[in-house]
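What follows is a pair of complexes built around chain A, which joins chain B in one and chain C in the other.
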Partner chain A sequence: MTSLTVEKPPPAEPEAPTRTKNTLAKRLVPWGYLSPTVVLIVLLMVVPIVMVISYSFRDNVIVQENSVFAGFANYTEVLTDPDFLAALKNTFIFITVSMVAHLLLGLGFAMMLNSGMLGGVTKAIFRVVYVLPWLFTIAVIAVIWRLLLDPSGVVNYVLQTLGVISDGVNWLGDPGSALWVVTFVNIWSGYPFFMISLLAGLQGIPGELYEAASVDGANPWQKFWNVTIPQLRPVIISMAVLDLIWTSQQFALIWMMTGGGPLNSTEMLSTFTYKLAFSEYEFATASASAVIVLLLTMILAFFYVRQQRER
Partner chain B sequence: MTATTLKGGRRTLAKAGLIAGLTLGGLFAGLPVLWMLSTSFKPNGEVFANPPKLISENFSFDAYTAILGNGAQLRFFLNSYIVAIAVTILTLLVAVLASYAFSRFTFPFSKTINAVIVSVQAVPPITLVIPYFGLVVALGLYNTYPGLILTHMVFTLPYAIIMMTAYFNTLPKELDESVKVDGGNSWTALWRILVPISVPGLIAVGVYTFMISWNEYLFALALTRTDDMRTVPIGIQLLMGQHSYEWNQMMAMSILGSVPVLVLFLIFQRRFIGGLTSGAVKA
Partner chain C sequence: MAIRKASRTRLIGALTAATVALALGACGGGDSDDVASDGTVTLEFAQWWAPELPDGSFDKIINEFQTANPTIKVKLLSGPYASTKQQLVTGAASKTLPDVVGLDGAWVNDFAKQGAIADLTELMGDAGYDASQLASQIQLEGKTYMIPVVNFVYPLFVNQDLLTKAGVTKVPSTRTEFADAAKKITATGGNVKGWALPLDTAVPNGIQNDVMSWLWASGGSMLADGKPALTTPQVKSVVEYVKSLNDAGVIAEGSLTMKEQDKVEKFTTGQVGMMIDSLAHINLVKENAPDLKFAIAPVPAEDGFTGKRGIPYASWGIGVANSSKHKAEAFKLVQFLMDAKANAELATLANGFPGNKTAKPDFSKSDPMFEEAFKIYQEGFPANEFVGLPKSEDLMRSFDEQLQLVLTGKSSVDDALSKSQDSWSSVIE
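Coming up: the complex of A and B.
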């Protein structure tokens, strides 16, 4: 980076004559352009975060006029709540399984679409089909899968016909299967974004690298591990962190498919917090839970930003 | 058997394997969508018919006419269009100004502000929705369009700024600086030169912004109360709660609710995916 800046000095010449007069006014120009953004970020980000932190240390917030300082009481209440701990565990399973599957499916589909053996039209058709799940809003995805997974729905019919199961399964009503089913639906809805990014990454790999590997006598498997994967590494890491953040925030899918049930088996941090606030009107405890979620996400975001800077 | 035919044989085998893999993946991705489409044309009594049929003999548009003939359902669409279009216009306006500052000026804290904007994307909506509720009530914006429009912008703006800055950075500075040589200021340079040639970038950002707002669920759920303020995603859920599960109508509503995004995507596919991936990966 330093050598680049030495080679190409900044264009100081045109600025020099104007710098002497009205420097202050000139310095304020970029701030003028930024002012709507700054106002919105403060109003929509800084103020709310300060508010939610302050709520979390108080009691009787929002619903009552006189809130009182409560110290860490809300935090101890949340952190000792077995439902919260269950939500934490479910969220962890949901994120990890989703992320691994998103990556594997995304990479597999991207590599198939990137193959040189296919015609342009075939590729274009398959690309649109593969992107489909991503184009539907989560509310629609939740409704589609509730239809498919209904005890008398088509999934049970197909599995029974194939002899995989003998009786119809109530996929979303059984605490043993519900978490895995919502995770599966999240995988279905989220892999296309990986696929698109990895496809772009694959297309950016110079062909010479593969030619050089062929000259060295590498087989396809070796090419995959020694050329493709190292070249895609930055994309894979970026996408993994983004996916971690997004999946941890998933609310609509769970809310519309199971509402966190049955028996808390699909409760996530997001649904747990939402229920505290908007079903039980425990805004102070909900705020403490929300701040904990924020802290967990900030740790993830820190790694993401650091990784982006390194590139 | 010569080496070439052996190689040709392996190639055919590989191609067959590839087609099989692609088809399997296509079924995984496409069948649920196909089933949604098929169900929307069935009478409700046949939704769970055994054995299931892809195309019913009683194929009809009844579910669609039921949705389109219902004022309450149409209101969800109207609300979604109002909110998403307003969010798109406002986001583009604010983002163009901010991106211009980032792309063409050097000023103190620009890196810091940029980092804040990037990190906004990571703030969980569930954390924001509680103070938003307090804020929106205090501002008198609870259950109103401005309340939804304003809060949706917390998600649309960061991405729009990042993508727009990247786009402006690809345009040579000489373009807009030539205006200043002729005595114009940076404002005229932005609107006369930069914005007109950035239309492709603005479209990509606009489509993405519209999609985010159209699909937003949590704020729409928590910050509105009456049915006449609900948006399509909440409308679909309300339909699910009402009367005994009109699955065919729910599927018809889902398809109608997906049309704007599907159409935008199909029209702008190439440009959109390109812009999105460069933004996501290089941001």
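Coming up: the complex of A and C.
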């Protein structure tokens, strides 16, 4: 207390320039710290995105020196291409089915691991087993499942031995089954992330809420709907939107398993765009396709950000 | 004082961060320091060859070049084929190709039209190089853009055990004999099929290696005066033949999404009796299945065909970037790799055939099959009409999609060929 009275404030007049300097320096400090990130974002995100958007409005880009302005012609060409529309439909099926299955499987396994019915060792074993698919890279997953699903592979052998099917099924080579098979593999490889996140969410629900529900006479089903789900809702919504965004970008799995075939039955927006760019060298229409994907993804990102703000 | 010191520290921290940011920004531009103070030039050489050769063997060849040319250093940029292709496509687009580039014949047209790769005819002239020693040159409008360094042919591989088991005594030489052998092998049962046909659309080279090879083996062509000619009786007979094999159930299942490596795997494990494949895979098959008895033969031709058989091939080609500041030095490297001695050494290591006509690969330590294949190669002629075509991978893919429609009964042969013809005509001007 005494020190406050002893130390007098410095005279105002001579300190004025220093304060101005300090104020300016203080204002610059945060920008100085932010500058590496800002530069990186500009170089690695803003510049490429702006370039791709500009390419999408031009023709003869990249592969020819004299590109010309084409207006919305590339967008018209892409949006009226039956292959693009088929890819859009396939992508919609792929991402929605994957997300719903990821959620249901993740929630089911998370609840199982969170229940008091299993012992510690059993839980640890299940935890390791359930999380395994998440540890494999996409390349390994694609190779493993291609081998398993080969017409003379393990899956057909097991199913035939069990009498489920009489003849071997051409899982990836049949246009009727290929999309569902790659979706299944994507579900298999992605559910552990949901499981881990939901398990963390479940472990954060206060036990008192269940006790109160029990006092009110709620049965397990009512506890699930009225306690568990409302408590998990923010996690579920965040995970679902993120999963839709991630799955819509899935390229490697499709490319390595089917290449978009057979007969374009597994063509996704990502493989469609890749083929336009790196096989047909149509970088202008590929850019238009990429911008459309960006816009669709931004809609999902908008919902994600809004949901995060509400939290 | 303490407050001022903290302020100063924060400011210094922020300035450091800003300096880092400026440095990051500067990373994007500027030339690499490719000329040392003593005048030594450093060439960048991007290729997929080194990973496919025995460990360190390509570095040894490059060291020989550096010893012979002390003022030139070579920085190898080695990666798998697919990633090398992607890097070169983006490099060509941004005019940042390495000085020397490994090329596939299928890329040449597009790179040359972009002005990304240099006219080698001019560089050969400047260097006084004798081009008559080259087995082939990939040209566009009379100018050479790629020189094939090593060639890999694609003969017919036959599982002799399966052939014997099926009661076939002679390796098939005609389409009828092949169909007959394929049916007999399939009839032996146990999930074994006569032939493997990879038609995966991600890498649609099955069209080149496994389908068009039937056409070239009978002296046919898919082009007429440089334009697509897919509706000719010759091409139609190939598609009808493949369809007849498919209808007979002699093609291994899953061909619509089968990749080249799946084909090799099926042959190696005895699940298919015959395949058309790169000679480079002989060692791979022998390594994975030392007891497998197999032979190689020319791709069967149409019954009664007596002419020279075209044998499909793929090449490790080489070119020089148009943006290179050291084209003369880059061509010295090309010249060295095409030299009879180095070229023979490289061909021997790669189990391929040299791009220099005078180079003699050393078969003394190789499998006798390579010598046999060399005879097949010399008796026929290397045929690959996709080399030099624009967007050749896309041409293969569009043909692949139409063939898939034929094999699944969703299109007639005539319709498929007509649509392929239209599709190709829009690409090949």
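Everything that follows uses one rule, which is that the second predicted complex is superposed on the first by the 290 of 311 C-alpha atoms of A that agree within 3 Å, B and C clash if a C-alpha of one lies under 4 Å from a C-alpha of the other, contacts with A are read in each partner's own complex, and residues count from 1 in each chain.
FYI, a residue touches a chain if its C-beta (ideal position, glycine included) is under 8 Å from a C-beta of that chain, and two chains touch if they have at least 3 such contacts.
Bear in mind that the values here come from a model prediction, so they are computed numbers and not experimental data.
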> Should the superposition on chain A be reported as showing a clash between chain B and chain C, or a fit?
Replying inline: clash
>> Contact-wise, after the overlay, does A:M256 reach chain B, chain C, both or neither (first, second, both, neither)?
In response: both
> A:W31 contacts which: chain B (first), chain C (second), both, neither?
Replying inline: both
> Looking at the overlay, what does A:I62 touch: chain B (first), chain C (second), both, or neither?
Replying inline: both
> Does chain B (first) or chain C (second) touch A:L294, or do both, or does neither?
Replying inline: first
> Given the superposition on chain A, which partner contacts more residues in chain A: chain B or chain C?
Replying inline: B
>> After the superposition on A, what does A:L172 contact: first (chain B), second (chain C), both or neither?
In response: second
>> According to the stated criteria, A:F278 is in contact with first (chain B), second (chain C), both, or neither; which is it?
In response: both
> So, does A:V129 touch the first partner chain B, the second partner chain C, both, or neither?
Replying inline: first
> First (chain B), second (chain C), both or neither: which does A:F184 touch?
Replying inline: neither
> Given the touch rule stated above, what does A:S152 touch, chain B (first), chain C (second), both, or neither?
Replying inline: both
> Looking at chain B, which part out of 3-11, 75-83, 219-227 or 255-263 clashes with chain C after superposition?
Replying inline: 219-227
> Just which bits of chain A does chain B share with chain C as contact spots?
Replying inline: 29-31, 33-34, 36, 38, 40, 43, 62, 146, 150, 152, 255-256, 278, 283
>> So in the complex, the part of chain A that touches chain C is made up of which residues?
In response: 22, 25-26, 28-36, 38-40, 43, 62-65, 146, 150-152, 168, 170, 172-175, 178, 255-264, 275, 278-281, 283
> Where on chain B is chain A touching in the complex?
Replying inline: 11, 14-15, 18, 21-22, 25-26, 28-30, 32-33, 35-36, 39, 47-48, 50-52, 93-95, 97-98, 100-101, 105, 107, 110, 113, 115-135, 137, 150-151, 153-154, 157, 161, 177, 186, 214-215, 217-218, 221-222, 232-234, 236-237, 240, 247, 250-251, 254, 257-258, 261-262, 265-266, 269, 273-274, 276-278, 280-283
> In their shared complex, at which residues does chain A touch chain B?
Replying inline: 14, 27, 29-31, 33-34, 36-38, 40-41, 43-45, 47-49, 51-52, 55, 61-62, 105, 108-109, 112-113, 115, 117-118, 126, 128-133, 135-140, 143-148, 150, 152-154, 157, 188, 192-193, 196-197, 200-201, 234-235, 238-239, 242, 245, 248-249, 251-252, 255-256, 269-270, 273-274, 277-278, 283, 286-287, 290-291, 293-294, 297-298, 300-301, 304-305, 308, 311
> In the complex of these two chains, what residues of chain C are touching chain A?
Replying inline: 7, 10-11, 13-15, 17-18, 20-22, 24-25, 28, 85-86, 89, 93, 110, 113-115, 191, 199-203, 252-258, 262, 271, 391, 393-394, 397, 401, 404-405, 408, 410
